[in-house]
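First chain A sits with chain B, and in the next complex the same chain sits with chain C.
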Partner chain A sequence: MFQIDQYAYSNRLLTVHPGEKLAFAVITMIICLISQSLAALLAAAVLMAGAVILAGIPLRVYLKLMTVPASFLVIAVGAVAVSISGNGEGYLWGVDLGRFYIGIGSCNLDLSILLLCRSLGAISCLYFLSLTTPMVEVISILRKLRVPPLFIELMGLIYRFIFVLVETAESIYTSQSSRLGYRNLKTGYSSLGILAANLLVRAYRRSEILFTTLSSRGYTGEIRVLETQFAVSGKNILAIMAIDVLLILLSLAEMSGGGLIGRIYN
Partner chain B sequence: MKRYIFSMLSYFILILFILPQNAYAMHIMEGYLPFGWCGLWTALMLPFLFLGMRSIQRTVQERPSVKMLLGLAGAFAFVLSALKIPSVTGSCSHMTGVGLGTILFGPMAMSVLGCIVLIFQALLLAHGGLTTLGANTFSMAVVGPLVAYGIYRLLQRAGAPLWASVFLAAALGDLLTYITTSVQLALAYPESVGGVTASLVKFAGIFAVTQIPLAVSEGLLTVLVFNFLTAHSRQELQELSVLRKEGQS
Partner chain C sequence: MAESIIEAVNVEYRYPDGTVALSSLSMSIEKGKKIAVLGSNGAGKTTLFLHFNAVLKPSGGHIRFGGKEINYNRKCIEELRSNVGIVFQDPDSQLFSASVVQEISFGPINMGLPRDEVLSRVSRAMIDTETDQLGGRPTHFLSYGQKKRVSIADILAMDPEVIIFDEPTACLDPRLSVHVTGLLDQLSRKGKTVILSTHDVDLAYSWADYIFVINGGTVSGEGKPEDIFRDRDFLTRNSLERPWIIDVFDELMSKGLVLGDCPAPRSREELLDCIPASESPGRALLKKIK
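Right after this comes the complex of A and B.
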């Protein structure tokens, strides 16, 4: 149903300890947020893409996923690049609009390029995590990190029910559209309203049934499940440390060496 | 003056055509906010999350079945945000579900459910992100629900008809969510000349103004859902209000 979720359960890195994958993704993500070096950011993006390919996810799928945040990326990065001011000083390119001057300043352009690369780096880290680590494992790691048990339990419940409800919503949608429910805008709105209302009622009924079933099996406020055991691999931890130290060094080198971006932001 | 109005008008028309309307609820993307701002918004969001957790905990102790209900409510909010709203141009847009969720489950529960839904949207759908989770939770699961709830209660007390309070709560909750997003972006990236105000005009022009038609359609849909529920599922609505009472405490 969700492509990302499907790959999370069927990739080649499934047997790797989820804690290692989470640590790799999160640490690299933080480096991406702090780093001012285009080289380090792009290196992070390439490394993460490489790791995803190593996990056996087709390149085509990965590239397609990269287009998901593209609309936000284009709009938001564009918005930073373009600025409005009273006069057109310091603009590389601009349009005179009478009282305003809209254009692209060189300083803004540098910032927007940095943002673009930073987002690329951070998104690749997110994709590495979500494509290689099943949600159930992420939740079990969060449990070990002492996230409040109620939050963890709600996460687990919501994750499982998403699939049930999506399936229900899809079958309602199919039967509605086969009866011309989405023929025009007016029927479309009323059909969607009915769909959402029915989905809610069914979700509510299902939660009652679930509670009855669980209670009859001795539920006392806690759902315990067996967790898969993973072996911690020293080799992987060393590799993760090496890569992240390398990325930090790359960022530091550009900061002190005074690359274009480094000079402006220090 | 005439020229000014003309340029503003042409801007709005231009932006309505250029922007892709098929975007999901516009969460701030992974890696877009600097480290400091991520931390600040997370710190601002945590107290609300804590309050929400405490109020849920209290209700669950009294009625254990509420936990299952919240699980399904969260999944419902996730699925709701993935539903496509039919539109004239053939492009598709999505509901935020902020208004509906708040009126049904209360603002306290929504802060927790919203946070979890945002985590799943980031990990399962690649919308939003983990580093920007704090900022997105603050706009969508704290500000939006609080505004929607405030408007709903205020109008209901003033004796407004149900449809009007539901419509305004949903539409304004949606709109305020995106105004908050614009403020977050503007604070993080102020203009070199005009400062935060200038960049707020810029970001709000992109993220909030374009959201107005979507806010109206979200309001309409929420009213439709409510009409259906009050007509056919009165009993369920009354039973669901357990969650809301917990939110008021």
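Right after this comes the complex of A and C.
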């Protein structure tokens, strides 16, 4: 997670208006969630991967990040593909268990492939956003979009204090393990319990101290800060529009041409 | 008596858990001076500073700013907080934003300044603390020293009359300590009242114009640095060390190795200046023996 965050602050698309990146990621993701076209979904995934590479993130790192959701995906897609029924009709492959038949049906297979591509597309959009756009800027765009201040402030504080909390947890863990706290399973469980309890207490104490330090700088219930100004680029907006319109057209074309979905329902 | 800018009069404070942190503490801080507050851990330094900023309200006694008693209504508190800034000991408890620029802009924006003024103050504070290279970095990837400097810029951008530094040089490497004390001197030259708390007697001795010693939640002694550190009984009572410069100076003096008219030195350089180049009584004596 820290690695993603580090790239977010050091990639080549850092100077691009965060609103443009957010719009690109969100619109493309919506298309991915609606589109039934395999081609459009795969194109979206490839485009996002391309954009991430363009931003200077090594392909190796990107692929490694992709393996994180991949394990969930494989399980979910597998579960959709496999089904049980009374007879072996319409199954591409299966096992006869006497009264039941377990196997992979052709419609289930198509559905699971669609699901896989859709998830890939949507995940790529999210990765694009989080690898190229610092959280601080996502938050400031949301503020400009008039998302309620309470929500914005919470997001900002949670983001900042995740790192403090992880640091605290790490230091407690180190101090415990240097005194053999994780020598075996039994001490491990008890150390972990102490760590969790301490983390809670310290987080609470931290929030109190934060309130004090903010108050001393004139906090009266609302966090207001300077916003960074970015240049809007007409070229980028055009490119985003072109790409997304293309993806939509691709989806529509396949729908009317009776693509995958046509085959399922025929 | 010179004008006092901030004053604690018989202040009592008890934390909700029953700990008595301050008991009948009185302290009067002169405008434009460099003040050191010396005290061991738990003496009550931080608690006192929170009173100077109206974050805590005394359970007895009162605080005065510019001669006027603080009455804890909103306007009075806001005015006090824009006139008195505190740089807290742990920068991680002060930095609330992941963005350095947003972090530093928080105080000036709360003071209701216009955007241009906020911008110019933020950039000036960043230059003064040498954090201008960190603008695009998130605060969680900064080193401790960098975070400390950002937390100082936080307060400089508010440009308060009185700036309080709570143990500013704890955990800093020597180079950064020197940078921070340099900053303190610079602020003092601009006419600010600078208060710092520390348990480093050498720092307090060579930097401060006036020293308060806090022990067990009350002021156990105050005075000019050269007077405070002469009284050995007082030092042992408050478990304070003697600054090394005084130790060396006294030793040299007792052996007759310093110039007769030399005042007590405050820094390493002043101490070296007290040692005569060639002809001193000590050296003359040595020559005679030869």
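In this section, the second predicted complex is superposed on the first by the 257 of 266 C-alpha atoms of A that agree within 3 Å, B and C clash if a C-alpha of one lies under 4 Å from a C-alpha of the other, contacts with A are read in each partner's own complex, and residues count from 1 in each chain.
Note that a contact is a pair of C-beta atoms (placed from the backbone, for glycine too) under 8 Å apart; a residue touches a chain by one contact, two chains touch by 3 or more.
Computed from a prediction, not measured in an experiment: that's the story for all the values here.
Undergrad: Identify whether chain B and chain C fit side by side or clash on chain A in the overlaid structures.
TA: Fit: chain B and chain C sit side by side once superposed on chain A.
Undergrad: With chain A at the apex, figure out the C-alpha centre angle toward chain B and chain C and round it to a multiple of 10 degrees.
TA: 80
Undergrad: So, does A:A169 touch the first partner chain B, the second partner chain C, both, or neither?
TA: first
Undergrad: Report the partner of chain A that touches more of its residues: chain B or chain C.
TA: Result: the larger residue contact count on chain A belongs to B.
Undergrad: Scan A:V136 for contacts with chain B and chain C and give back first, second, both or neither.
TA: Once the two structures are laid over each other on A, A:V136 reaches chain C alone.
Undergrad: Which partner does A:V225 contact after superposing on A: first (chain B), second (chain C), both, neither?
TA: A:V225: touches chain C, not chain B.
Undergrad: By the touch definition at the top of the document, which applies to A:L65: first (chain B), second (chain C), both, or neither?
TA: first
Undergrad: Name the contact category of A:V80: first (chain B only), second (chain C only), both, or neither.
TA: The answer is first: A:V80 touches chain B but not chain C.
Undergrad: Answer with first, second, both or neither: which of chain B and chain C does A:M155 touch in the superposed model?
TA: The answer is first: A:M155 touches chain B but not chain C.
Undergrad: Which partner does A:L210 contact after superposing on A: first (chain B), second (chain C), both, neither?
TA: After superposition on chain A, A:L210 lies in contact with both partners, chain B and chain C.
Undergrad: When the two structures are overlaid on chain A, which partner does A:I4 contact: first (chain B), second (chain C), both, or neither?
TA: Touch status of A:I4: first partner only.
Undergrad: After the superposition, pull out the minimum Cα separation from chain B to chain C in whole angstrom, please.
TA: 8
Undergrad: Name the residues of chain A shared by its contacts with chain B and its contacts with chain C.
TA: 5, 135, 157, 159-160, 164, 206, 210, 214, 219
Undergrad: Under the touch definition given earlier, write down the residues of chain A that touch chain C in their complex.
TA: Those in contact with chain C are residues 5-6, 9, 14, 134-136, 156-157, 159-160, 163-164, 206, 209-210, 212-220, 223-228.
Undergrad: Would you mind writing out the residues of chain C in touch with chain A in their complex?
TA: Residues 50, 53, 55, 78, 81-82, 85-86, 88, 90, 92-99, 101-103, 105-107, 109-111, 115, 118-119, 122, 136-141, 154-155, 158.
Undergrad: So in the complex, which bits of chain A are touching chain B?
TA: Against chain B, the touching part of chain A is residues 2, 4-5, 26, 29-30, 32-34, 65, 68-69, 71-73, 75-76, 79-80, 82-86, 97-100, 105, 107-108, 111, 115, 118-123, 125-127, 129-130, 135, 138, 148, 150-151, 153-155, 157-162, 164-166, 169, 182, 185, 188-190, 192-201, 203-208, 210-211, 214, 219, 221.
Undergrad: What residues of chain B sit close enough to touch chain A in their complex?
TA: Against chain A, chain B makes touches at 3-4, 7, 19-20, 22-23, 26-32, 34-35, 38, 53, 56-57, 60, 64-65, 67-76, 78-80, 82-83, 85-88, 100, 104, 112-113, 116-117, 119-120, 122-127, 129-131, 185, 189, 191-194, 198-199, 201-203, 206, 217, 220-221, 224-229, 232-233, 236, 239-240.
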